[in-house]
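Letters A, B, C and D mark the chains as written, and numbering starts fresh at 1 in each.
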């Protein structure tokens, strides 16, 4: 049973998706999805535990075909870490989202919603677990196509337009990626990442390898929404159903970042991609631009979901900044932030979902007086805001600390200064929401508000408490991230 | 399309051959280019032709959208079912060698056959469903 | 001789030239057209370039389909074909979903021109 | 030793648990106020149980809790922290008594939130006082800022919002932009942030780095209100008077100067800080002392005048700490204590006048001494302490600072102290004169006598405290000497 786990966590969601498509009863589908997502989480956590315990990667030969011909599923520390993240968020969003899905999505589509949700989760887990470059593309498209569908389920007509926008951009990204893989395949004749890494060593300076690398990085950057390729993100986040936004924000971009790291560190190797190409410099500039452009734009948003979406653009900048710092500390910060940002942004979007449900809109001006009527939601928002700012004692601080330390190791004081400055911008845009919610009286003629449903509040608060807990006890996030960094860098140096 | 006698007669003759060809492509997939994907598209093409000539309603009388909505996930389940079955037999996911205890290559044959059947079902019904969806809009 | 070499360069890489042409053509259409269906056409062309890119190196001149037989010794590499079959399916699915979205957009906005859809809306 | 470290934890837990209880008391004022007073008394007891052993040279510490490798949360009691904790826990009791009278009489709303946040602020203050390393200090410093924000905006109107925005904006932005980089840089340079006698910055760092670091620290600790980051203090005057007292005397500004002294003594070390690289601090602080006093002269609003007086008095402490001699540090510690008692008395008096007579401007105060003799007597004692006239506590602090300046022959410091004493006299004495010797010019809206008895009781207690500190300064003085005794 244990050695089948890598296939189980991919195949079971797939089968469950098909079953959901057959049944289409809301309650049954939800239960199936919940059980499957939780099982995936348990499976992922078990595998991560195994890898940590025995210090040995789990490798699985799909269909019994040995790599490099067959497809290999591979779980190392980094993959296990991201798998746990994705399956955890998927489970939590299912618990959280049931009420809002019922409200926001037409009744006859509920079964399809859970089908797509499971497919999306299957795709995301697949990207992480597969050791095959082409297979990663297939899973990427499985997750993206189901994601476009999920976004288009939003009740606003703008959701469809946003989904279309995302579809075009996402497909360009995926196709770029696959062109890059094709070029590498042409010169090496293999698609297995480990094998690719080995065979590429003598070929790294050939134009085909460099072009392939460029295509892959640009393609993945589109999927990551790295500035300035982020244009699809704000609309997609803003108009998708609340539950979808929480899931999307917490997982989709993170998984793409994982894949980017895989290519930079495992396939091309630290010695080439970081030390001999200008990639770190380029990523550095783009990350800083992302941080500031994202935060500045967030300042001027009326729609809080959109505001948080732009803040995601900025936060993604932090993650890629860690890559650009090109040292172990920075990379640790970046890995830790993958997890931390997923937790805090997930929680914030969950709370916004509750607001959308009660207030009816997510416009800032309609939220006046929400602090009094929905204290749990709004205090949660405050706490999440602290974490985004990076107040010590929350997860946001831990990641920023590592990023700052990483920058200092390189002697880049100005990056630390910029990091702090960007925290201030976060303070301002989160502060706007809090001020309106707590200090503006609710208009007399406005509909009275009450607290969001318990399931939503509880899930969001579990995440928020995790924000605080993981801000103090960093043994899981930082512990695993540091080990994973050793693997990533150790494999290359 | 009531009046286009030639089209109707020709298509009536063509459709059985199209389906036949699809089956050929399907089962020849073991020995030459072909397989469930191609066959599925050809099957769907035959039905689409029918719908174009005789109208969407006539087509939907034969194969209703509800049926297709069941057929799509069913194909996936056949595919995945094979994988699960190999698990039960103690192998890896989709390890066809497990399917026949005497001769692994027979197992491979059997496995591919079953999986391709699932693919045929899913691809043909998906293509048809897409056609229905687009053709059924705006009425 | 010089001229011949250049000719060989051009002709020998003809598949790749076409690939590059398709990439550029596809991207150009995506960027330049406002009509959403035309954009999807561009997207499809862009994806098609991938098929050619993959299939080209798999073909060995004189090789046959890779079914082991005593009569043949040279086989084409089957892997790219399998991959591209998958890629085609992905492409079809993307196109179908894209078109479905365009239909929904048309129903919601009464237009499939991007200029109308995106400019006529308050996105905040 | 173990039981002492338990006390440290208790000192932070008691107000925190108290906050929980107060929050749960809902709208039952008697229960709420009982909780507040009991909590305050308990805290007072716990803190004072710690004093004897600290005086004997013990340095109780808790186990470090590693947040990240090398970055831990730890509490250690050293003399300066002990002084600070004593001030805060003593004044919390008095302030609670005062709050009860003030808040009830003025019928303030949202009182439960008020008392809850107050208790949380005190818990944070204890965390600051006992912080064993820079990171812990920073953590609780931020917690204090955040927990006092709802207090500053208590009234909820536009003025309060604007004031709150300024308060939070300046304090958070200075701490994030300057203090946090300074903390990170210290950890990076020294490899640790543990407060160590003699400092942790290694010898031989470049003077430019030291200077840059000192700039980040001095302006990063925005609560110390060295100009130009003092603007939050007058802005926060919109808060109810007990909050102003908390800000000015008990917790916030004291946390600021306390942190400055602590950083100078334990992070830089006196040897390093007396070097040329950091000599600018003396001038910045001296400038603030003078300019703030001059601004105070021109204020008619009583609370604003007191606020600017606070800005100037705080810089006394920074000035003393920046001289970085043992005598000066003793002066700084004593001045923290003296100013706490003196300033809280003044604010209590201002609140008392507002409560009883609804007067806020100095020009309205003619003859008020006859109606409110206790209040104005206490005010006089507080004012004398600010000026530094014996027999008040203010004299002690100034004495040590002056002696230190004489020892160094630092004419600039002597000049600053001389002029500022004149200015202090200039802005306090006219108030006293008006109150006692001028006839009433603005007839009061209604007949009034003294404020409610809890208010009068509280301000009499602090006024007496100011006098008592002059006569019995042994404990704080011993602690202050222990602080530098380690250094010598």
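In this text, a contact is a pair of C-beta atoms (placed from the backbone, for glycine too) under 8 Å apart; a residue touches a chain by one contact, two chains touch by 3 or more.
On a predicted model such as this, the values are computed, not experimentally measured, just so you know.
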The pair out of A-C and B-C sharing more C-beta contacts is A-C
Tell me which chain's centre, taken as the mean of its C-alpha atoms, is farthest from subunit B. D
What whole-number Å value describes the gap between the mean CA coordinates of subunit A and subunit C? 28
Taking each chain's mean CA coordinate, subunit B and subunit C are separated, in whole Å, by 24
Would you mind pulling out the distance in Å between where the CA atoms of subunit C average out and where those of subunit D do? 71
Mind checking the centre-to-centre distance between subunit A and subunit D? Centres are C-alpha means, answer in whole Å. 45
Which subunit D residues sit where two or more other chains touch them? none
Chain pairs that touch, as defined at the top of this document: A-B, A-C, A-D, B-C
Contacting residues of subunit A [partner subunit D, same complex]: 386, 389-393, 398, 401-402, 404-405, 408, 416-417, 420-421, 423-424, 427, 431, 435, 439, 471-472, 474, 478
Interfacial residue positions of subunit C with respect to subunit A in the complex: 23, 27, 30, 36, 39-40, 43, 46-47, 49-50, 53-54, 56-57, 77, 79-80, 83, 86-87, 90, 93-94, 97-98, 101-102, 104-105, 108-109, 117-118, 121, 123-124
Per the touch rule, the subunit B residues reaching subunit A in their complex are 69-70, 72-74, 76-77, 80-81, 83-84, 87, 91-98
Residue set of subunit D touching subunit A in the complex reads 65, 67-68, 71, 73, 135, 138-139, 142-143, 146, 153, 156, 161, 165, 168, 172-173, 176-177, 180-181, 184-185, 187-188
Could you please specify the touching residues of subunit B with respect to subunit C in the complex? 31-33, 35, 37, 123, 130, 133-134, 137
